[in-house]
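Please go over the structures that come below.
In what follows, subunit A forms one complex with subunit B and a second complex with subunit C.
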Partner chain A sequence: MKKLINDPRDVVVESVEGFVLAHSDIVTVHGDPWYVARVGGAVPGKVGVVSGGGSGHEPMHVGYVGAGMLDVAVPGPVFTSPTPDQIAAAVRAADGGAGVLAVVKSYTGDVLNFETGAELAQAEGVEVERVVVDDDCAVESSTSAVGRRGVAGTVVVEKIAGAAAARGDDLAGVARVARRAIEQVCSMGVALAPCTVPHVGRPSFDLPDDEVEIGIGIHGEPGRRRVPLASADEITTTLLDAVADDLGILAGERVLLLVNGMGGTPLSELYIVYRRARALLADRGVRVTRSLVGDYTTALEMQGASVSLLRLDDELTALWDAPVHTAALRW
Partner chain B sequence: MKKLINDPRDVVVESVEGFVLAHSDIVTVHGDPWYVARVGGAVPGKVGVVSGGGSGHEPMHVGYVGAGMLDVAVPGPVFTSPTPDQIAAAVRAADGGAGVLAVVKSYTGDVLNFETGAELAQAEGVEVERVVVDDDCAVESSTSAVGRRGVAGTVVVEKIAGAAAARGDDLAGVARVARRAIEQVCSMGVALAPCTVPHVGRPSFDLPDDEVEIGIGIHGEPGRRRVPLASADEITTTLLDAVADDLGILAGERVLLLVNGMGGTPLSELYIVYRRARALLADRGVRVTRSLVGDYTTALEMQGASVSLLRLDDELTALWDAPVHTAALRW
Partner chain C sequence: MTVDVGWAIDWARRAAATVVEHRDELIELDRQIGDGDHGENMARGFVAVLARIDALTERPAQVGDVLRMVATTLMSTVGGAAGPLYGTAYLRAATVTAAPTLGPVDIVAMLEAALEGVVARGRARVGEKTMVDAWAPAVTEAAAAADAGGDPTAVLRAAAVGASAGAASTVPLVATKGRASYLGERSAGHLDPGARSTELLLVAAAEAASR
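The block that comes next holds the complex of A and B.
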């Protein structure tokens, strides 16, 4: 295992320490229970937005803490859910008196721990709503999730929920918009090479030199099928067709197109995937009116990418366009 | 070779096509000679700023085209200089009547082709100044460069030169500021694993499983020495000490700290490097007043990182902070 790390047990803590030092104008860290919050704390009267989950997907979630997106992020160990205590503390810290929306990725551990964490906070009088992101259309269930998994579309949901909270929606309103975004976003990924979890020390799966895994999860979970290594255009066609068909996108509709890198893929390759996805959407008569290309939801150094579509309307477009000031997304 | 590409000969063109489609609000592409320019063309009365070089370092340089940074970027083939004709056309396109600054990375091919390209544009009446970035303190000369190489510090120079042009400095003034930034920036990198140039099809160098290359160049050129794989803290100490000593940074001084990923390194590891660099600078009594952490000057999917320092004063800080609106840097 070749990594720029110290003791594998310290990877997450040291990385978050560096992150908070580098972005001390935006975030602050709270210890025991451990979470990362916006500088200045909860905004009075604004719905708080919290997310979290296993680490190893950076910049998700700590990179999305800041004005217009998350108030607090709760990092767990690599690929492992944070504890209910952490989540409860994060929810309390995000509460400015208007309640808190927790954005949860659809994994068994996250769903359970966020449920318990929310109950703990509710017992102390914090109003909490939870939404579960399950945008991965590769498989209907897997070893890590009951139902579809939550992957790169989570970034889109967090941005839109954060914008709804920032414009002053009440908790029911923010939850409504977040659920609408979840219904309208769909993703599928591919892996060319696996990643290695630091404390495990060996690749999370084996993949022959001439095969790729279509429908990979962001922890290396199996996807739909292994196929021979094909061109970027062929692989992109498989991903885009699956996503567009699953969402039922029709000619004349508008979408946000997100091409997400898994951590070890050159940016130049993501733009080759984007180029093909654009051509396929043009063939379908679908208009790409917003785009995002880069490493937004990663799996350590996994080599691969995912394609996500969000069906846009005027409201979702305005919420996407609203100002955001985080370490990883800023406009 | 496992890559998300089509024909290896089409990698650069297809990637740039995707890039321009994704960022059509910021950039436009010109064919034959081939370059990427700001939407709206040269700004009348403003000094134009141009850069370019071999591709494979994305987001450098196309990702830095936009308000407050580059007016035009000229991409060559992977790790190969663009032609003098391309450069001449780029310089002409960037000229708003106040002349053009060309920011050149210190490689033999780039230096020669930018010299010829500038002469061609000058022959048509465009005033041109060139500055050569040679921030890599790993080696005094290499197979690819006469003198020090230009690496991640180039991003800093391009940002500062672009800001000087945007505030209305004349050509001599923009060149003066750029040269001052070049004198005050220094970098050194490490590779854990090599990259593969698509049209070559095999890794650009071999590195045993238990060794790293200290002082690696951004094309995989040899560095200072190969050493056994060590902890992130030990490797960072080697890099930071070399850079800080070379610049002669003293207690009480202010710096910008850039931790740059080479393309295949998880963001979490870059923050572990950043954390250690901050501690070492604190020990030296040096104040880190600006930071940048991420993949800004890559070598395809190379696994590794570099540490850069820029000695800051009030003027360089103000130019760094000035608004920028590009695909890869925005504030």
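The block that comes next holds the complex of A and C.
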């Protein structure tokens, strides 16, 4: 294992310390229990938006803390959910009196810990709603009892939920908009090479040089099937077709196209994927009216990418366009 | 020997020792069908449990007090799915062990409560390739041993035997719950890491009663 780290046990803490130092105008860190919050704390009267999960997906989630998006993010150890006491403290810190929406990625650990953490906060009188992002269409809901995973589409949901909260929607309203975004977003990813969790020291799965994993998650777990390495255009076609078909996108509809890097793929390659995805969508008569290309939901240094589509309407477009000021997303 | 507060403390110590000893094995099992963090998470949690035990200034009055301490420590240190699952298991076990010593029937009740906690939190059933596959036969075997008139040590030994057999039974299964379920058919042929860690914990419980 070759990594730019000190002690593997200190990776997450040292990384977050550096992050907070670099973005001290936007975020502040709270210790024991550990979470990262917006400078200035909860906004009175505004619905708080909280997310969190294992670390290793940077800039998710701490990079999305700031005006117009998350109020508090709860980082866990690498690829491991934060604990209920952390989540409960984060929810309390985000509450400006109007309740808190927790955006949870659909992974067993995240769901169980957020459920327990939300129960703790509710017991202390904070109104909490949870939405679970399950945008990964690589998981066939019919065969997996745990359902689909939450992957790169989570960024889109957090942005839209944050904008709805900033515009003054009440808790039920923010949850409604977030659930609508979850219904309209779909993703699928590919890995060319696995990643190595620092404290494990070995690659998270074994993948021959001439094969790729289609339908990977974002925790270094293997995908649904393994196929021979093919061109960027061919792989993009596999991903885009699966996503567009699953979402049932029709000619004339508008979408946001997100091409997300997994951490170890150069931006130049992501744009090759984007180029092909645009051509395929044009063939389908689908209009790409918003785009995002880059590393937004990563799996450490995993080589690979995911393609996400969000079906847009006027409201979701307006919420996407609303001002945001975070370390990783700002306009 | 008597299954009492001293046993509960010894169980926690032995659990910590065995989890740390098998950290790499659990990582490897989880790496094959999950994401490789189970060994690290369990070791972190039980090292914290050990620190809490070492810091005790007076002996707790009841078995449940020790189990509750283990529960809250795991809940706040393990993370992943295992944190809330084991945390809930120990918490439910603690609620039915508010006594200085446990008889055979109390031990069965303790294990039943733990199983119910795991099922309530994780919503998994037997056969889905999860820790339930170790907990459920542990309860069955413990109950049979108690019915047959076994002493507390025999009941805990039976639970350990049941958990071991249950863990082994997960190898051919296709996972339909937990992170391994994303692999579908490819999850078959691997021992479930959660079932294995449950086996380790229940073997430690039996060893603590056998010394």
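In this section, the second predicted complex is superposed on the first by the 326 of 331 C-alpha atoms of A that agree within 3 Å, B and C clash if a C-alpha of one lies under 4 Å from a C-alpha of the other, contacts with A are read in each partner's own complex, and residues count from 1 in each chain.
Here, a contact is a pair of C-beta atoms (placed from the backbone, for glycine too) under 8 Å apart; a residue touches a chain by one contact, two chains touch by 3 or more.
This structure is a prediction, so every number in the text was calculated from the model and none was measured.
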First (subunit B), second (subunit C), both or neither touched by A:Ser55: first
First (subunit B), second (subunit C), both or neither touched by A:Leu250: neither
Contacts of A:Asp85 with subunit B and subunit C, given as first, second, both or neither: second
First (subunit B), second (subunit C), both or neither touched by A:Arg278: first
Greater residue coverage of subunit A in the superposed arrangement, subunit B or subunit C: B
Touching partner for A:Ala172 - first (subunit B), second (subunit C), both, neither: neither
Touching partner for A:Tyr107 - first (subunit B), second (subunit C), both, neither: second
Contacts of A:Ser15 with subunit B and subunit C, given as first, second, both or neither: first
Subunit B - residues contacting subunit A, complex: 2-7, 11-12, 14-19, 21-23, 55-56, 58-59, 63, 190, 192-193, 209, 212, 229, 231-233, 235, 263-276, 278, 291, 293, 295, 298, 300-301, 303-305, 330-331
For the subunit A and subunit C complex, residues of the former touching the latter: 33, 54, 76-86, 107-109, 112-113, 115-116, 139, 143-146, 149, 197, 199-200, 202, 204-205, 217, 219-224
Parts of subunit C lying in touch with subunit A, wherever the complex brings them together: 27, 31, 34-37, 40-41, 44, 75-85, 87-88, 121-122, 128, 176-179, 181-184, 186
